[in-house]
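Both of the next two complexes hold chain A, though its partner changes from chain B to chain C.
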Partner chain A sequence: MNLERVPNEEKLGLCRKYYLAGFAFLPFLWLVNVVWFFKEAFLKPVYTEQLQIQTYVKRSGLGLLFWVTVLTTWITIFQHYRAEWGEVGDYLSFTIPLGIP
Partner chain B sequence: MLFVPVTLCMVVVVATIKSVSFYTQNDGQRLIYTPFPEDAVTLGQRALNSVMNAGIMITVIIVMTLVLVLLYKYRCYKVIQGWLFLSSLLLLFFFSYIYLKEVFKTYNVAIDYFTLAIIVWNFGVVGMMCIHWKGPLRLQQAYLIMISALMALVFIKYLPEWTAWLILAVISVYDLLAVLCPKGPLRILVETAQERNEPIFPALIYSSTMVWLVNMADTEWPPKRNSTEAAAPPPQPEEAPEDVASPPALSRDDGGFSSNWVNSQEHQLGPLQTTEDTRREIQEMPSDRPPVEDDDDDEERGVKLGLGDFIFYSMLVGKASATASGDWNTTLACFVAILIGLCLTLLLLAIFKKALPALPISIFFGLVFYFATDNLVQPFMDRLALHQFYI
Partner chain C sequence: MDLLSNKWIVNLLVSWFFIGVGCNSVEKKIYVHLNYTVPCVRLLNATHQIGCQSSLSGNVGVLHVLESEENVDWVLGTGANPPYLVILESALFTRSIMMKLKNGSGRVAGVAVIMPNTNPLEGFSPHTSCPNENTGVYSETYDPSLAHCNVTVWNPFGNGLSYEEFDFPIFSMKDDDDTRVIRQCYMDHNRGVNGSVPQYPLCAMQLYSHMSAVTDTATCMRRNDLNLSLSPEMICDPLGDYNVWASTKPLNTTAKGHKTGESVVVAAARLDSRSFFFDVAPGAESGVSGFISLLAAASALKTVIQEAPPSRTIFYTFFQGETFDYIGSSRMVYDMENKQFAVDLDNVHSVLEIGQVGLRADSKLWLHSDPVSRKNDSVNDQVKTLITNLRSAAVNLSVSVDEPNVSQPLPPSSFQRFLRARPIPGLVLEDHESSFTNRFYESMYDTADHLNMSYPANLTQEEQLEFVTEIAKALTEVATLVARALYIQAGGAEAQLRNINADP
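Moving on, here comes the complex of A and B:
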C-alpha cells in the first residue's frame, strides 16, 4: 500500500501494530517497520503523530539490532563448534553437510 | 512494466532449477491429480497416459473454477477468503520450508533448527501480513513473485514430461474459452461482479501499483490485485468525485479475476489439498481520473496480472531449462517468446479494453519456440559448432 494517501492516525496505528507484532520473534517485521516508516518519521515535515512514529521506529530499530546480534552470535557459535559437539551438534542440525567432519 | 516481475519470477525459477537438483529429480512421486505414470513402455501408452493425466487436471481446474464462481455468485465470501488464506499459508510456510531445505542441501551448509525456524517463521508471517493485510507495496510484490515461483517449481517437479506440456496447451485454450465465451465461468464472474458493482474477489493478483481506495475503508481490499483492468466507460456519476479512479475501475474490474486453483500437493504427507490456479486476465486500467488527482497518475496506470499467469509462464521456462537439449538457447528463446506474447496481450488489452486471458498468446508462442528451438535450431547450432562454421 502507498503511505502517501493514508491519514496520519492510520500511519501511526500501522506503525504501532507492526512494532507490537514484532515481539513475536519477528525481527524481519521490525526491519520492515524501520525501512518503511523511516521516511515518514525522520524526513517529513513535522505533524502531530510524527513524534510517536519516531519512537516506534527507534524502538523497532533497537529490537532489530538486538536480534541481529543474538542471531549472529548463535550462528557463529553453531557453525564453529558444530563438529565438536558431536551428537548434540547433529541433533541441532537441520541439514548436515557432506564430506566435512 | 509487467516485464520486470515476470522476468524476475522466471529468473528465480530457472536459477533454482539449474542449481538445486531436487526440482528436476524424478522421485517417483506424483500428484494425486496425475495418477498415470509416464514411464510406460510404448510411446502410444505413454501418450495415452499423459492425455489422461492432462484431462484429469483440466477437469479439476474446471470444477474448481465453477465452484469458485458459484461461491461468488451466492455470496459465500467468507469461504473464498478462508480458502485463499489457507492456500497462501501453505505456500508461505510449507513450500518455502522445503525450498530452503533443498537449497541448503545443495550448497552443503549446516543449519540448525533454531535458525531455520526463525527464518521460516519470519518469512511466512511477514508474507501473510503483506499479502492479506497491509504492507509496503514492493514487499508485497516481492512475496507474490516468490510464491508464484515456488508454485511453478512444485509443478515442474511433480508433473511428468508430456503431461506438463499438454497441460500448458490445454489450459491456455481453457483460459481463452472461459474468459471470452459468453457462458464461460470467468466471464460470468466478471459480469456478476459488474452487476453488483463490487470488485471481483481478488484471487491472487499481482498489481504493479497500489490503488488507494478512499471509500474502501470498511472493506478489506486485498492488495494483491494484479490484473490490468480494462478502462470501462465511466461509472455512475456519484463515483466521479472520488479521489481515486479505482472505484470506477473496480466496478469494471473483473478482468482482473483469474480463476484460482491452488494445488497443494502434500506428496510427502499424503493428504491432498487443492491449490488454486489463477488464471490471469489482463486488463488495463483506464486513466480517466478526475483532474484533481494529478499526483495519482502512477496509481491509475496500475497494471495487473493474475498470479496463475506468472506460475504458468515460469513453469514453461523452467521446464524448458530443465529438459531441453539446447539448454540456454531454448530457455532464452522461450523467455523471449513469453515476453513477446505478453506485449501482444497488453496491446490487445489497450485496443479492446476488457478482460483478456493472458495465457494463450504467450503460452502458444512459448510452446512453439520451445519445440522449434529444441528440435530444429539446436541441432543446427551443434552442427555448426562441430564443423567450426560461423555464420
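Moving on, here comes the complex of A and C:
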C-alpha cells in the first residue's frame, strides 16, 4: 500500500495496530511492520509522529528477532533429534519420512 | 473465399504434421526393462533392521561386472566413475565380497546377482550358522554349555548374509538374454582396455526397491497406527500366517484350556522357508520334505485309526513362520499356556517332530533328543519308549533309525519352544547326525533339483503328477515309518502295523 498520500496520524495508527496485533503470536506482522515503516521511521524528514513510529518499528524488530531465534533453534533441534526421540518424535510429527529413520 | 480456403489448407497441413510424426518414446530408446528380477527387502525385528534399501527414485550406478575378488578394488578405490552397480556371478556372491561392498561408503550403488540355472557345487546358505539361536530352548539359563551352538554348529555353510543390513538394493536376475545384453554392454563400453580409463558414454543400470519400513518393529507398528495425516498408508506388514493343526479324535475347539483325560501325541512339521531374496522360498529339503512326509503319514493312518483307534489322540500340527524365530510354534505354546487353545500343555504327552528328511545318506534317520530334559528320569524313560517305538516301527522298512552317538542338543526345531514351557519328552527326526546335510539351508538353491527330483524327459504335466520319483519313494518310506511310530506311541497295537503304509 502506498503511504505517500496517507496522513501522518493514520500512519501512526497503522503502525500501532500492526505492532499490537503481533503480540498474538503473529511475528509475521512485525516483519511487515518493520519492512513497511522502515523508510517512514528512519529515512524521511522529521515530522511529529515519527518518533512514535520509530519506537514501534524498533520494538517490532526486537520481537521479530526473538521469534526468529526461537524458531530456528527449535527447528534445528527437531530435525536433528527427531529420530532419536522415538515415540515422542513421532507424536510431534505431522508427516514422517518413509524408509529413513 | 480466399481466407476460408487458406484456413482449410492450414488445418490440413497441421493434421498431416501430427500423423506424420507418430509417437516415439525416448524412454524406450534409453532403458531396457528387465523381467524376472527379485529384490531383497527390508525386514525388522524388535531391535534391528536387516535387508536392503534403495533411494526414493532408485539407485543408478555405472555397470561393472565383477570378474574376481581382487576386482572389487576397482569398485571401491581405483574406478573413476563411482557409484558403481556391481553385477555378480553367483560364484562370487560370497560373504567376503558382500561385506567389502557393504563398506563401500557411497561408491556402490547396488548389486545384481545372476542366478545360475543349476545349483553351485559348494554349499551356500545365507542363514546364520546357528539358526534361531536366541529363541530356542538353549540359553544361558537352560544350559550354558549347549547354548549358541557350542557343541554342534548346525549350519556350517551359513554365512549370515540374510541378517546383514545393506544400504543399497540387491536384486537377483535370471541368466537369460537380458543378462547377455548387459554383459555385452559392459564388455563394449565399460571395460578399460589395457589399463585405460573407460570414458563416457558408459552403460548404467537403475535399481528401484524403496522400503518404507525402518528402525525396528515397535517403531514401525507405531507409525502404522499413527499415520493421521493426508495419506494414510501402510508402512510395514507384520510377518504372519496361520498354523494348521488337526486331531484324530474330534475335539471341542470352543472349550479352551485343559481337557481332562485327553493325552495327546503332537506330530509336528514346519511349513515355511526363506531365501535371501523376497518371495523366493523353495525350501525343498528344509521345509517341504518334512511336511510332505507328515501329510503322507496322516493319510496312511486314516483307515487304521477308524478301525482300531489308539488310546491317545494324535495331533498333526504344521507350523508356519518357523524360520523367523519360531513364529508359529511359539504362538501355539503361548496359547496353550494361556488356556486359549483347545488343549493345554498338561494334555501333551509327547512330541515327535519331522525335520529335514530329504537327503538321507545310507538310508539312516537320526533321532535327536534334548539331553537336559532327559536328566529327569521320568522324561528319560518316556523318550526311551519313544525311541523303541520308532525302532520297532522301522523293522520291516528300508529305513533305519538311530540315535546320534554324542550327547548334543536339539537341532533348531519347533519342539524347542515346547521345551521352553515345560520338559516334555520328544524326538526330532532328521537326516543328519550332527551338522545339516543340507548345504543350501534357507537359500534359493534349495529346490527340487537339490533333492534330485527329476522326471523322464517326455512327460506331460498330468503324467508328471502321476509319476513316482526316487525322492517320492524315499519320503514314502519316511512317512510309513512316522505313521507306524505315531500309532504305537498313541497306544495302538503292534499287530496293526503291517496295515499302515503310505502311498507314494
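The rule is short, and it goes like this: the second predicted complex is superposed on the first by the 101 of 101 C-alpha atoms of A that agree within 3 Å, B and C clash if a C-alpha of one lies under 4 Å from a C-alpha of the other, contacts with A are read in each partner's own complex, and residues count from 1 in each chain.
What we mean here is this: a residue touches a chain if its C-beta (ideal position, glycine included) is under 8 Å from a C-beta of that chain, and two chains touch if they have at least 3 such contacts.
This one's a predicted model, so the numbers in the text were calculated from it and none came from an experiment.
Touch criterion met: A:Phe25 reaches chain B, while chain C stays clear of it. Look at A:Phe78: by the touch rule set out above, it reaches chain B but stays clear of chain C.
Between chain B and chain C, it is B that contacts the larger number of residues in chain A.
In the superposition on chain A, A:Leu14 makes contact with chain B only, not with chain C. Touch criterion met: A:Arg5 reaches chain B, while chain C stays clear of it. On chain A, the patch touched by chain B and the patch touched by chain C overlap at residues 94-96, 98-100. Within the complex formed with chain B, the residues of chain A that make contact are 1-2, 4-6, 14, 21, 24-29, 32, 35-36, 71, 74-75, 78-79, 82, 92-100.
Listed in rising order, the residues of chain A touching chain C in the complex are 83, 86-87, 90-91, 94-96, 98-101.
Residues of chain C that touch chain A in their complex: 53, 56, 210-215, 219, 222-223, 226-227, 229-230, 235.
For chain B in complex with chain A, the touching residues are 101, 104-105, 108-116, 118, 121-123, 125-126, 129, 134-137, 139, 209-210, 212, 214, 223, 243-244, 295, 299.
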